[in-house]
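Please find the structures below.
Common to both upcoming complexes is chain A, partnered first by chain B, then by chain C.
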Partner chain A sequence: MTSIAVRLLVPAAREAVRGRWLAGLALALALAGELLIRFGGGGATTVVSLLDIALVVTPLAALVVGTMQVHNAREMTELFLAQPIGRGKLFTGLFLGTALPLAAALTIGLLAPFAWHGLFATPIAGTLIALGGVTCALALIGSALAFVIALNADDRVRALGIALAAWLVGAVLWDGVILLVTMLIGGRGVDTALLIALALNPIDLSRVLLLLGTDAAALFGYTGAVVQHTLGTAAGRAVLIAALALWLALPLWLAARTFKKKDF
Partner chain B sequence: MVRWCDVITLPFLLLQQLVVSPTGPYRTVAAAVQAAPAGATVVVRAGRYREPTVTIDRAVSLSGDSGAVMDGEGSHAIIIVRGDGVTIQGLEFVNTGTSYREDRAAVRIADAGQCRVEHNRFTNTFFAIYLARATNCDIADNTIVGARGREAVTGNGIHLWSSRDIRVSRNVIRGHRDGIYLEFSRHADVRDNVSELNGRYGMHFMYTDSSLYTGNTFRDNGGGVAVMYSKVVTMTKNLFSSNHGPTSYGLLLKEIQDARLSGNTFRRNTVGLLCDGADRMIALDNQFEDNGWAVRMLASTVDGRVEGNTFSRNSFDVAVNGVGTSTVFAGNWWDSYHGWDLNRDGIGDVPYHPVRLFALLVEHAQPALLLQRSLFVRLLDAAERALPVLTPSGVVDARPLMRRPAGGAR
Partner chain C sequence: MITVAGVTKQFGRRVVLQQLDTQVVSGRVTALVGPNGAGKTTFLKLILGLVRADAGSIAVDGHILDGSPGYRAQIGYMPQMARFPAHLTGRELLTTLASLRPVPAVPDLSLAEAFDLRDAFDRPLGTLSGGTRQKINAVMAFAFTPQLLILDEPTAGLDPLAARVLKDRVLVEREAGKTVLVTSHVLPELEEFADDVLFLADGSAKWQGPARDLKIVTGQHTLERAVAHLLSHRAMLAVA
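Showing the complex of A and B:
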């Protein structure tokens, strides 16, 4: 039965790659990385700078490309729906066919310059691997959200608008609101509330997870110590990763439910 | 320096040499020291000497051959000096054990002057060198390695209490509570030491006026260096590095008057320089690199001058807990300065405001730090550049440098 999903994955993936979007994205990321390494050296600072780019670009690309792909694959989807194939399997195939090439393109584009400069053999290798992992996770989460959006908004432009709005909320507005609320309530216990608020946003979650891996957290004084103390441990990291996994599972479940009931 | 008494005693010095070795003529250091007249040299041959605390009360020079070890057997102090002109060199001191009732030291110099403690090695001693009411002594070239671990069970490496004119030079100290501790002392000269991996402070100044420390390296200490309740302390060419932690800083100035800092490097500290009640502090030509906060000033700090310093790659250049500060910032180089220089005199035409809006917000609610490096905070920075009205205007460098000053870095 998995084989059907896998066989469905291939045409979906082919559809995704044909758009040339992914190749362009990967190239742009690789170029950015190359420039950063050339002008900033291959140190931890470069990785942290690239981390900033990854945290902005990955969700944006996943949301936009994912949303467009669902709409592009609409005819193909309807064709497959006419065949005696379970909708669950069809959904799995479609999602993986869209999300995996996207995740691969972003991760490869991001890490390739480090690979050909031989930086995986240096102490920053751990951070690089974490960066790759987080990029993958964000790409998958973004794709899942894109599926939810695209399956619920039949109009292509409207779907794209919602996807962009979702990115804007996650990448910018959420932090603004958090900052505002932190300023307003202040005082004790606010760090716990803040951590919970950050966990509700996969982009913040990824940022905290990655910064924990670098020694930047150590420079953050008391707060850095609190974060390092609560989340820097293996258990804390596991909680963060579990939260990320939940961020993948929840939209996927929503999208699958919509897909199964949807009248195409 | 040759003193008249040296000239007179010189012939005796050559004659008067007492040798301690496990096979005689003297088998214990105490026996030789007791027999030695003033001006004599006691040579300690290689061997491990386990004996009760030795007291030296006249001008004897104690000189160890390599491999000469004095062992406190985990239960007592090793040498107490109570006379002027004593020299202790080339010995290794081990195992004083821990005491909660006394400040047990491998070498204690009490009420004595003109002493020299040089080229010794201290391993696993509670306090290594303890000076109480000592004057005009040299503590140089010693290597001091404490029982690295919990603060509660180690004393200080070099401890000065109520002493005057002490020179502490080229020692290496690690694994103690405070590497170097000075209290109620005057005219101390602390030079070219390395103090690292100490549980509390690399160096701790308390009520020690008119002192100088220069060329020292302080790194990876629990709290950094603390200079407290002192007047006229000059700090030059020191390196304060890698002091990380919730209450850590490179250098704390607390209740200090007329401190002068120049040519120091602050690198990779949670807070580089923390000023809490530093009056008339002058900071010239220092480097602040890769710190969380380069300079943090509490409102109790008044009338300082911060000039010609270099600020690069710090998360925050300056933070103040009040609206502004009476400290004057002028002619510093800031890596995040984006101004221009039309008349090409090397000084930016636009003033620089080193306190970012985000820094102010963080000061208000520290957990907001978790948003550091987020896109929102970057947009906030960009907005500040576009709309300078957003930037807190309390702290300003009216003539920021366009080019990074050369030199000074270590």
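Showing the complex of A and C:
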């Protein structure tokens, strides 16, 4: 069963890798990292800057490139649908063939400069590896959301618009709204509300997960304190990772359901 | 034998097929004709399971379509105006298709040889001309000795020589007892090999039977004129 998915993954991944988008993305990220190291010195501050880039760029790239790739793979999808294979396997193959190369390109692009500057041999190595893991997770989640969007919006431009809107909400608007609400409510009950709002956004989840691993949480004032206090334990971290996993599983389930019912 | 019973399909509000009942007889070449937007491609995609019917049932050689994919091993499908993944080569795609079969199969490349495709087969599909892509499309449809061939506008974009090669191949397949279901806007070429005609209009089968009978019924000498006659008189057919 899995072998069919793998046989489908190979051509889908080949198609994705040979298009120039992924290489371009990886290069751009590597360039940004290189500049950060040159001008920031490669210490903890560099890592935090890199974290911001990763949290903004990864979801954007995954959503936009993922949506485009689903639409570009339309013909390949129809061709494979006419073969004696089930839709579930086809979906698995197409998703992995799209998401894995994307996750690889983003992670490699992000971490490559740190590797060639020998920073994996310094105390920040652990944070870098965690950063790679979070980038991978965000790329997979973004791709899953891209599949949901692209499979439900047949019009290419509309799908891209929705993908961009989703990114805008998750990466920009969400934090603004939380800040506003926190200021308005204040006092008791904010802790719980904050934690719920956090779980509803995979980008925030990733940020917290990474900050918990560094000493930086203390720098983030009240929110940092709340989060460090509530989630700074092993159990707290497990909850965060579980929430991220849910963010992958839920869109994937939705996308697979749409794919199985869709007319091509 | 393909049996279609009471099939209805609508996209949004647009009803494409309405209570369609028809049969496609095995071992014969059936030409699917009808005005633009009559639902010809939808009909073909329903048989392949690419599109699901809202109501009714379809059976291919006794297998009632229920979402299970096995029956498609017997079908060779040539989609209309195939656009393939731009960065893959025809050979890579064909190798993948071979690996997806339930029983390992070596692709039959005789059609590729007849088209003289050799080096185009190893170039990225995005760099090929529309006609060359259409040849590769044909090679893939015929590659795994299908019992049923579904050809949607097979000669579109082909030069006359390549079209000749493809039509000859269809005739060979018919001799071998294969079932062929074909749509084309070029009716004189359908005349060369169509045994039966299935005329689809306004979502249902308005006329079907041997091509010979169609010419007699309509009093026309060629298939093209006979179908044109059907098209211009389809309001009457609906009554009859």
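Following the convention adopted for this analysis, the second predicted complex is superposed on the first by the 258 of 264 C-alpha atoms of A that agree within 3 Å, B and C clash if a C-alpha of one lies under 4 Å from a C-alpha of the other, contacts with A are read in each partner's own complex, and residues count from 1 in each chain.
In this text, contacts are C-beta pairs under 8 Å (C-beta built on N, C-alpha and C of every residue); 3 or more make two chains touch, one makes a residue touch a chain.
Computed from a predicted structure; not experimentally measured.
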Simultaneous placement of chain C and chain B on chain A, clash or fit: fit
First, second, both or neither for A:D263, with chain B first and chain C second: second
Inter-centroid angle chain B-chain A-chain C after superposition on A [Cα, multiple of 10°]: 180
Touched partner set for A:G176, first chain B, second chain C, both or neither: first
Partner chain(s) touched by A:R7 [first = chain B, second = chain C, both, neither]: second
First, second, both or neither for A:T45, with chain B first and chain C second: first
Partner chain(s) touched by A:L79 [first = chain B, second = chain C, both, neither]: second
Greater chain A contact set [chain C / chain B]: B
Distance of closest approach, chain C and chain B, by C-alpha atoms in Å: 36
Footprint of chain C on chain A - complex, ascending: 4, 7-8, 10-11, 14-15, 18-19, 72-73, 75-76, 78-87, 261, 263-264
Chain B partner contacts - residues on chain A that touch it in the complex: 45, 48, 51-52, 55-56, 171-173, 175-176, 178-179, 182-183, 186-187, 190-191, 194-195, 198, 204, 207-208, 211, 215-216, 218-227
Interface residues, chain C side, partner chain A - complex: 11, 45, 48-52, 67-73, 75, 77, 79, 82-88, 92-93, 96-97, 99-102, 124, 140
Residues on chain B engaged by chain A in the complex (per definition of touch): 244-248, 268-271, 290-293, 313, 315, 361, 364-379
